[in-house]
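Following this line, the structures themselves.
Two complexes follow with chain A in common, the first pairing it with chain B and the second with chain C.
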Partner chain A sequence: MTSLPAKVVDTEDLTPHVSMLTDIWRRFRRNRLALVGLALVFVLLLAAALAPLLSHYDPNAIDTSIMGTPQTPSLHHLFGTDDDGRDYFARMLFGARISLEVGFSAMIIAVTFGTFYGAVSGYFGGWVDSVLMRFVDMMLSFPTFFLILAVEALTNNFSIIVIMLVIGLLSWMSVARLVRGQILSLRERDYISAAKAVGAPDGRIMWRHLLPNALAPVIVAATLAIGNNILTESALSYLGLGVQPPTASWGNSLQKALDPDVLGAPWLTFIPGLLIVITVMAFNLVGEGLRDALDPRSSGGRA
Partner chain B sequence: MTNYLIRRVVGLVPLLFGISLISFGMMFMAPGGPTSVFLASSHPMSPVEIANIQHNLGLDKPWYVQYFLWIGNMLHGDFGYSFTDGRPVLTKIIEKVPVTALLIGVSFFFTILIAIPTAVYSAVHRDSVFDYVATAIAFIGYGTPTFWLGIELIQLFSVKWHLLPDSGLSSIDSTGFDLGDTVRHLVLPVATLTFVSLASWIRFQRSSMLEVLGEDFIRTAAAKGLSRNVVIFKHAFRNALLPLITLLGLYLPALLTGAYFVEIVFTIPGMGYLGLNAIFERDYPTVMGTTIISAVLVVVGNLLADIGYAAADPRIRYD
Partner chain C sequence: MAAEMKPAADSQALVEVENVTKYFPITAGVFSRHVADVKAVDGVSFSIKSGETLGLVGESGSGKTTIGRCILRLLEPTSGAIRFDGVDITKISPKLMRAKRKEMQVIFQDPYASLNPRMTVGDIIAEPLQIHKLAKGPEVDAKVNDLLRTVGLSPYHANRYPHEFSGGQRQRIGVARALAVSPKFIVADEPVSALDVSIQAQVVNLLQDLQQQFGLTYLFIAHDLSVVRHISDRVAVMYVGKIMELSDRDALYERPLHPYTQSLLSAIPIPDPRAEARRERIILEGDIPSPVRPPSGCRFHTRCPIAYERCKVEVPELLNYGDHFVACHKVQELGGAQPSIKPGAAPIGSKSP
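What follows is the complex of A and B.
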């Protein structure tokens, strides 16, 4: 079967030349759910970016005349007002900013650190790998959220930067494991031996040959991490150990959910929760779509 | 198998050592340190008094001495005393374990009961309407904050319709143990925890089933004329169950976290409720105790899952 060649080459020449990105997009587009997710992500990013333009209300302005009696949603107040007489639509828009900021920043911290950690572990192997991976095992043994909660409470600093750092620095472990696994399997390939044989330094092999090939699953994990971080931030803020009032966040809007004033105004609880669900779902849909699109071997089985 | 077991159990020692070191480091490096609790108390203390307290608690010793004292005590079952009520931390935690275990156990039972048939049906009827709906529900489940779902259920079933209790595990006026009453109290918390867990199990079991269905031995079984049901249930399903054992180990931390949230929203006195209150009250010994015991539960769970997997899958060799 080794001498079949001419025709195979011909058919390959017939396929139009497409760049890698076009190819990925072509496959991504086939997944309708992923497209819905992508559209939702765009809407959210736009809404967050244009928050001050989309609502002329100040999210923190208290209207004392209606304090204690939340107004039902109306044309004036699209999402009504909360128990402090603040426009809820404006608060939700600015809450979107917080969620996305924390979601993305914490993801970047976790992915950067996790990739570096996993790459070092996988590339050097041996005892370096053993030590580094045992540490990952230890960190993964704690219920992560509880750890984040405890650290956040102990630092007793609830600025957005600290929240991003705490979430990011306590959620890099799965990325590290992922990258290490990729590197371990890649470094045995012939092209790496070839690079070593011609004397390429470790750093170059890592940057030019290993990491680019290990990128696909990292991109997927990064997308899914954004959703997770948003969930974590909302939970922290709900418990009062995250974004502090009066700054609006979807999570801290739920703090008073079971107070008598708010119980009579169910939309005040329903809206922020629904926004969280939609946002996290959107990122997860995109992530799963990317998983299929980035891996040409998958037949789209994880629709 | 025995060798494998011994190796795994021996491997736990450094892991547990590391876990204790991380927990200790976390508390040790906290700004203010444990004495900040006393400093914040109502009556202001002189530097001498503070030094005395630090000496009594051993906080004036170097960190490694403190660590070894602490871990030495812990190995004897002494997790220290709660800063808030002075009771032994271990006792406080142990009396909460059954509550959390009950919550996790019951909802896990329902999760599996719903997730497995759903996932198998989805995989066998891939791309059907049912499959799409199940997938959609799974994605919604992934994105649903546990605490929010709990709040919404309370709002509907307790506040609006007065059907079910919104907190605790028994009514205040109940005398002794009343099964019906406990069950009524468990409905909403268990429903919450089950729904948020469903997503992972449906997705995982579905892809595991799809993978097995694509294997050569399934084609062989179908080709030699076995009925569809026999192929699906006897050949595919059994093999697709194996990876679930691993997921159980991996999922345990998330399950604990979920249970903690449910306890907080429904004011159920379990480990999560205890741990969260300890965090708020800066009750360091209790926080450390809850953290470590949670981690140990996860480690033991993982070990059991690995052993279970090795026992269930003859392809795994122990040497």
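What follows is the complex of A and C.
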């Protein structure tokens, strides 16, 4: 064997230093639809945050002078009014607040619990894993929406907090499965063996080595979950088991718009329906974009 | 004649592996019924003296990586004893084991899989220091920089992520991480197999330099016989979970006794066209047997050109012929002489003409 000088100081030039976030943004940007989704999400978040500033109408204020005759959209009332004479634009803005609040909070509950659950299951494996995953199977075997309906009907409490909790606590299973799968494959990696060989305690292996590497698909799942949660909340409200009138939500507005008395006011149906569709689509587009951006392998097919 | 001495009974040994087995159970069905075992390591004994390098060679699936991981207790051996500095580490508490981990480290084969992609190189090298509280605050950075220089990298590399480095550079980072705790003993699990040949020499020389500088003891696992010859003091040859031959490097390469070792060595090309043309290669038939159902008797008998009836029924013991350990009935009969194996001779039971 040749005897090279062993102490070569490695000055070989590295590729330009690019932070992980810059790299992800660069890939995300390439996806036009994802950018559109992101812009829509921003607009929605702004609209919800600035709702009281964007409309000088109180969403629950009844204008008795026009009660019973919904006003068509005009400069005065951007989205018209409903048959109680309430400004529909203001109601939609405050409805956006509800939707986003429920969407995000339920997602945070589901992701936190699901990640913890899946991580424990995948890391400890064996019978712990079997027991935990059989419970997930059981939970998944119920049709989630009907389960949520049943719980809502039983608790008979329709405050937003309860709705968030119910949606969150009944939608963590897919996150748990996802995280478990990630942990199962990651824990066989050499860098985990290296951490064990150096004497790293379980907690450190979990927090510093496993979870950061398992996070990418969880972020994608979380984004998609927001859209799903908004849909669930709207459906619940539509069925009268969600946000209760007079508090405005897209779902209960849609329900109210089906009243035979207001059949001549189609915008009352179209506007909340369209908002729900656009919002859910926006979150899904962002989620899909993130999926490609976070997983370098899947970006190969994109021009 | 062969002395009944185990190759593990050595007072100045740093690592003693005694009759270690590692079976991986194969289970089936809903209730995880135990149906069979993968006998990855089956009764292996050897010792490593302080300051020496023991090379461990064998084909894929011979159990060499498993034995390395058992010594580090990344895997729990099924039976047997592993003494480190005289203490049987298979029996000590997890707390004591954690302290012991300061003294033994590992370098992995694949430099792309052995570094956490979400941690900077500085954090990767600092982690062992933090876990064992070997440095605090600014000392950590100073030590990380020292370690980077020791392995031939620059301190400015500390803020970079592993994906920004080449394979050879990554392997150096792995070496720096292993050195962080100032270990006595390092298991190098195929540390150069995944690298370009030019880079292999650099890493091997780095390992040798570090050995001299810090008085390290190595278990060097590899399948490249030339690299093993270059770095090892003694060499052990494994086949389907058992050691076939173990001896001083020169003795093993100059005068291999076991037919398996002979065939392995005959496969090394010679960098001289005339000698190369005359080289007689012993080509083994068939594949390495499955460790789930290893052959009866001598595990090599299905492929051995000189096997006879006894090899099929009786497991040969690893016997000592003047510090040259061989597990072969033929060698025993010849009293430690090298059995000649005719190239092309058909193994017993072989159906090919």
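As a convention for this text, the second predicted complex is superposed on the first by the 284 of 303 C-alpha atoms of A that agree within 3 Å, B and C clash if a C-alpha of one lies under 4 Å from a C-alpha of the other, contacts with A are read in each partner's own complex, and residues count from 1 in each chain.
The rule we apply is simple: contacts are C-beta pairs under 8 Å (C-beta built on N, C-alpha and C of every residue); 3 or more make two chains touch, one makes a residue touch a chain.
Every value quoted in this text rests on a predicted model; they were computed, and no experiment measured them.
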| item | value |
| --- | --- |
| Touched chain A residues, chain B compared with chain C | B |
| First (chain B), second (chain C), both or neither touched by A:L285 | first |
| Touched partner set for A:L263, first chain B, second chain C, both or neither | first |
| First, second, both or neither for A:G273, with chain B first and chain C second | first |
| First (chain B), second (chain C), both or neither touched by A:R26 | neither |
| Partner chain in contact with A:G199 - chain B first, chain C second, else both or neither | second |
| Complex interface listing, chain C residues touching chain A | 69, 72, 74, 97-99, 101-102, 104-106, 108-110, 113-119, 127-128, 131-132, 149, 152-154, 157, 159-161, 164-166, 168-169, 172, 174, 177, 180-181, 201-202, 204-206, 208-209, 226-227, 230 |
| For the chain A and chain C complex, residues of the former touching the latter | 1-12, 14-15, 17, 20, 189-191, 193-201, 204, 208-209, 212-213 |
| Chain A partner contacts - residues on chain B that touch it in the complex | 14-15, 18-19, 22, 26-27, 30-32, 127, 131, 135-136, 139-140, 142-149, 151-152, 154-155, 159, 207, 210, 253-254, 256-257, 260-261, 264, 272, 275-276, 279-280, 282, 287, 290-291, 294-295, 298-299, 302 |
| Footprint of chain B on chain A - complex, ascending | 33, 134-135, 137-147, 149-151, 153-156, 227, 231, 234-235, 238-239, 241, 251, 254, 257-258, 263, 266, 269-270, 272-273, 276-281, 284-285, 301-303 |
